[in-house]
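Have a look at the structure below before the remarks.
Order of writing sets the chain letters: A, B, C and D. Residues in each chain are counted from 1.
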Amino acid sequence: MADLSVNIAGVEWKNPVTTGSGTFGFGREYAEYFDLSNIGAICLKAISAKPRLGNKSPRIAEVTKGMLNSVGLQNPGAEYFLENELPWLRQFDTKLIANLCGSTIEDYVEVAEILGNKLDMFELNISCPNVKEGGMAFGTDAKMIEEITSKVKAVSKVPLIVKLSPNVTDIAEMAKAAEAGGADAISLINTLLGMKIDINTRRPVLNNNMGGMSGPAVMPVAVRMVYQVRQAVKLPIIGMGGITTGEDAVEFLLAGADAVSVGTAGIVDPYAWIKVRNGINDYLDKNGYESVNDIVGKLEMNN
Amino acid sequence: MLCELVAKGQIRRGLFDYIVDCPDMAMKAKPGQFLHVLCGGDTYLRRPISICDVIENRLVRFIFEVRGKGTKELARAKEGDRLDILGPLGNSFDISFSDETGESSSSVPEGDIVLIGGGIGIFPLLYLSKSLPKKPKILLGFRDAESMALVREFSKSCEDVFIASDDGSVGHKGFVTDLLKNSIESGNKIERIYTCGPKPMMKIVAETAVSNGIDCQVSMEERMGCGVGACVTCTCTLKDGSRKRVCKDGPIFNASEVDFDG
Amino acid sequence: MADLSVNIAGVEWKNPVTTGSGTFGFGREYAEYFDLSNIGAICLKAISAKPRLGNKSPRIAEVTKGMLNSVGLQNPGAEYFLENELPWLRQFDTKLIANLCGSTIEDYVEVAEILGNKLDMFELNISCPNVKEGGMAFGTDAKMIEEITSKVKAVSKVPLIVKLSPNVTDIAEMAKAAEAGGADAISLINTLLGMKIDINTRRPVLNNNMGGMSGPAVMPVAVRMVYQVRQAVKLPIIGMGGITTGEDAVEFLLAGADAVSVGTAGIVDPYAWIKVRNGINDYLDKNGYESVNDIVGKLEMNN
Amino acid sequence: MLCELVAKGQIRRGLFDYIVDCPDMAMKAKPGQFLHVLCGGDTYLRRPISICDVIENRLVRFIFEVRGKGTKELARAKEGDRLDILGPLGNSFDISFSDETGESSSSVPEGDIVLIGGGIGIFPLLYLSKSLPKKPKILLGFRDAESMALVREFSKSCEDVFIASDDGSVGHKGFVTDLLKNSIESGNKIERIYTCGPKPMMKIVAETAVSNGIDCQVSMEERMGCGVGACVTCTCTLKDGSRKRVCKDGPIFNASEVDFDG
């Protein structure tokens, strides 16, 4: 059994596996399948200052080895969360990450203030493609990323992860902007914007027309971007996008991720998180590594 | 969970009747709940299929129509194959009835219990029909005589079976909802309605029930991801404007609270 | 049998199916599998003014429902092509599209001049992710797109298609730049930049480290981009990215593509081009359409 | 083309021996050519596998080792399944020998014909050994005694079989290329060498052949897409700096022209 613990921006995780925000709710559902203390951190579904309704259904479409979603950040708001979800979550021995969303910079600042230091980390979601305002609009413009990061950082009492959108020309530039704004860590990738058409109705399957693509199909893009960001900034990286097995996770770790997140794979298999954690351990054991940190960024380029 | 497919039947072209062996699920299953089935092949997400019946606390039966990729792939399974299934999932039909004191209990209601099913919506009604405190009446809507299914079984588990078909090739020509309206107009006292089927059908049933002050439970259908309540992709809209997860808060909702156009 | 003919920038194709440049060589190989006159147009592998060696092997990596390639535009040069390949190709009753590549704007201009009017159309490949100079570098910057398009257009004796890279923040902006530069048509998408790591060697599988991703996995991104470009410009569009069946092609046509291109699917199944053509016809027949043009752009949005 | 798997054998753990029924391919197949096999499951691209033998102008045999996803999936096939295979693909070993006049013909050469195979590279040599104008000598390199394969069959089709193994558990302890060097040193006249195996092995064989003025054909291995020559993803580098397609211009190249480090 290798040492799986990692330190992400000063926060100790017992292992490098967390949950993709929005795929794990506030944890209650999967707690019926496994003990949540088994994963390094839980990244909760997006929380805004005020409750949000999200988009109309259908909000999900199957695509080749993946899915599109257009949930649109439905959530009961930060205060409801603190009162009704957080106390329950605190029974587990794992770190808790709040995924912050909003329509304006003020919204983001507000939710960060409401949540205060009651969680272990914040993840700034400026990369959701499913909302008209905020979301991805912030995450595809380096200047905006720097501005929003610095404003939220100014009020953050816990380390701030900035989550990047893959729908950009130059991911390294976005990561540098987050770093310049004071981010403590980077996570990527959020979903790729996609569309699925029902050729019988001749309409998009999603009521919102377009949605965010996730799952195994996006993994090569995600691995590439993690590598590019690793070359661009010194911050810890949480890598994600299609991870289904321990082997997949190892690709991200080698590319430079300090931790990994599993989302869509868990939507298909409730034990995916545990399987990925175990798979990482198996790889380390089999290859004689004592710690997961020994493989982070250990990719050798061919030329 | 891997469950062995112990009996594969075919009711008609494109309609399959599966029985899987899984005591765990059978013991827990309540009418109205569903299974979330991995279909294999080139599909990725699971497919929700209602529990149609539970046999001897050990076997679970479900019936599905081949619609697209997933159900097509599922139809290829052979007896002895092990299917990857999550379940039972979702809430269930409320089968308790309040007695005079107003307390919810399993007392036997006075008036009729009416089940209304259309298309693939009829399947969850079988287990329900066997679980109620008294034999219900059932109204079944089919496209045509060809697409009838389960009628003989419902004849056993129900007091009466009424059929409507779009083309009149069997039973009443027209909507199954006409049968409901006729029944109400002819003065039958209906204690509660349970319905599952296409949205337009359920909408009319719900409106009819609500306007006649009849308690009515609807089983909603929506595209799903996780099936367990975590991904919030499967919502339906309620009249109060809120959005609820069909997989976890449902699939059964009170007819009066659902906004069918939301 | 519906009318499959389409008109792309004044050139009549007998049906809307062409080949993804670089997946069909100069046609000789697949001519052993089917009569090339059966497809609307053949888009040939990239041609440069001078011969190019391309990258070292491995140049291909399998990924989930797709592949990465890093061929790097290997080709024998325009003059060799004209002498040794074109005469043979002209025996087929189909349109021929030259895919133009180069490292500098002058290179592109040169190859366009050498090829003159000996082909039916040009496709400007400013979106290849596998070369250090030129290629994608041109295709991810709107100003560059406009400049290179107008310079190549100035010397083009045949209609000029500009092929866009999906590795951008705003695909519509790129399409508009091509239109402004004088493009006669747009094709998209070229490949998404991705990386696949061999966790046993801890190196990228591709000798060139990163490569272009294609195949079914990229299709939802491609359909979305075709739709976005359809809203942005009036030019004819050739849509591609993962098309494997007639149904897939219909999604692109509904989203606004006037024609479609099949690449990677043919690498797996030499009959993919014919199957897609037949599948489009089946859809039209089944749904009572008389012409493929009746469904182009006929997507209805949900809201 | 869909070809029925008519016989599935297993030589040892992880090494499978398949015979498929496809007269079309059998009739065309030449030694050194390969098949391009769709493996199914979660794989996408085809996998190149050499033709190991052709039986009665109707059956094609291939032997493959389970390495990764695709070969693992292929190993799941059952007799009676139909495999989707393209082939025969690629060029082939040149088995003609020039007579005194220098004209290429099928005359029988004077000196030895030597086949050198390592690991999975030995399989295409079987059909080759049966197609030559005279029985060749074969040098086989294995990891250890456990991983030996086809030795009995080669004993029939070849004049002599020499074996080397990495750990010495069978035959000469060391490289199969040592056997070649010994043979040359001991003064045997070698007319031509055919070799297939790991790149480092073939490199030494090629160098040895070239430096001793022996004609030598190597079978190259590279990751492939289409397998038919269209996608140009499978190139190897020649000494003149050019890049050739292993699937179409190869897999057989003249040893003197290949740049093994290119």
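Everything that follows uses one rule, which is that contacts are C-beta pairs under 8 Å (C-beta built on N, C-alpha and C of every residue); 3 or more make two chains touch, one makes a residue touch a chain.
Because the structure is predicted, anything quoted here is derived from the model rather than measured.
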What are the chains that chain B and chain D both touch? none
Going by the average position of its CA atoms, which chain sits the greatest distance from chain A? D
For chain A and chain B, let me know how many angstrom lie between their CA-based centres, rounded off. 36
Indicate the whole-number Å distance between the mean C-alpha point of chain B and the mean C-alpha point of chain C. 48
Scan chain B for residues touching two or more other chains and write them down. none
For chain C, residues that touch 2 or more chains besides their own: 63-66, 216
Among line, ring, star, complete and other, the chain touch graph is line
All pairs of touching chains, each written as two labels joined by a dash: A-B, A-C, C-D
Considering only the defined contacts, which chain A positions touch chain B in the complex? 22-25, 28-30, 32-33, 45, 53-54, 56-67, 69, 71, 74, 205, 215-216, 266-268, 270
Interfacial residue positions of chain D with respect to chain C in the complex: 38, 42-46, 70, 86, 222-226, 228-237, 241-243, 248, 262
List of chain C residues in touch with chain A within their complex: 63-66, 68, 140, 167-170, 192-197, 199, 202-204, 206-210, 213, 216-221, 223-224, 227, 242, 247, 250-251, 254-255, 283, 295, 298-303
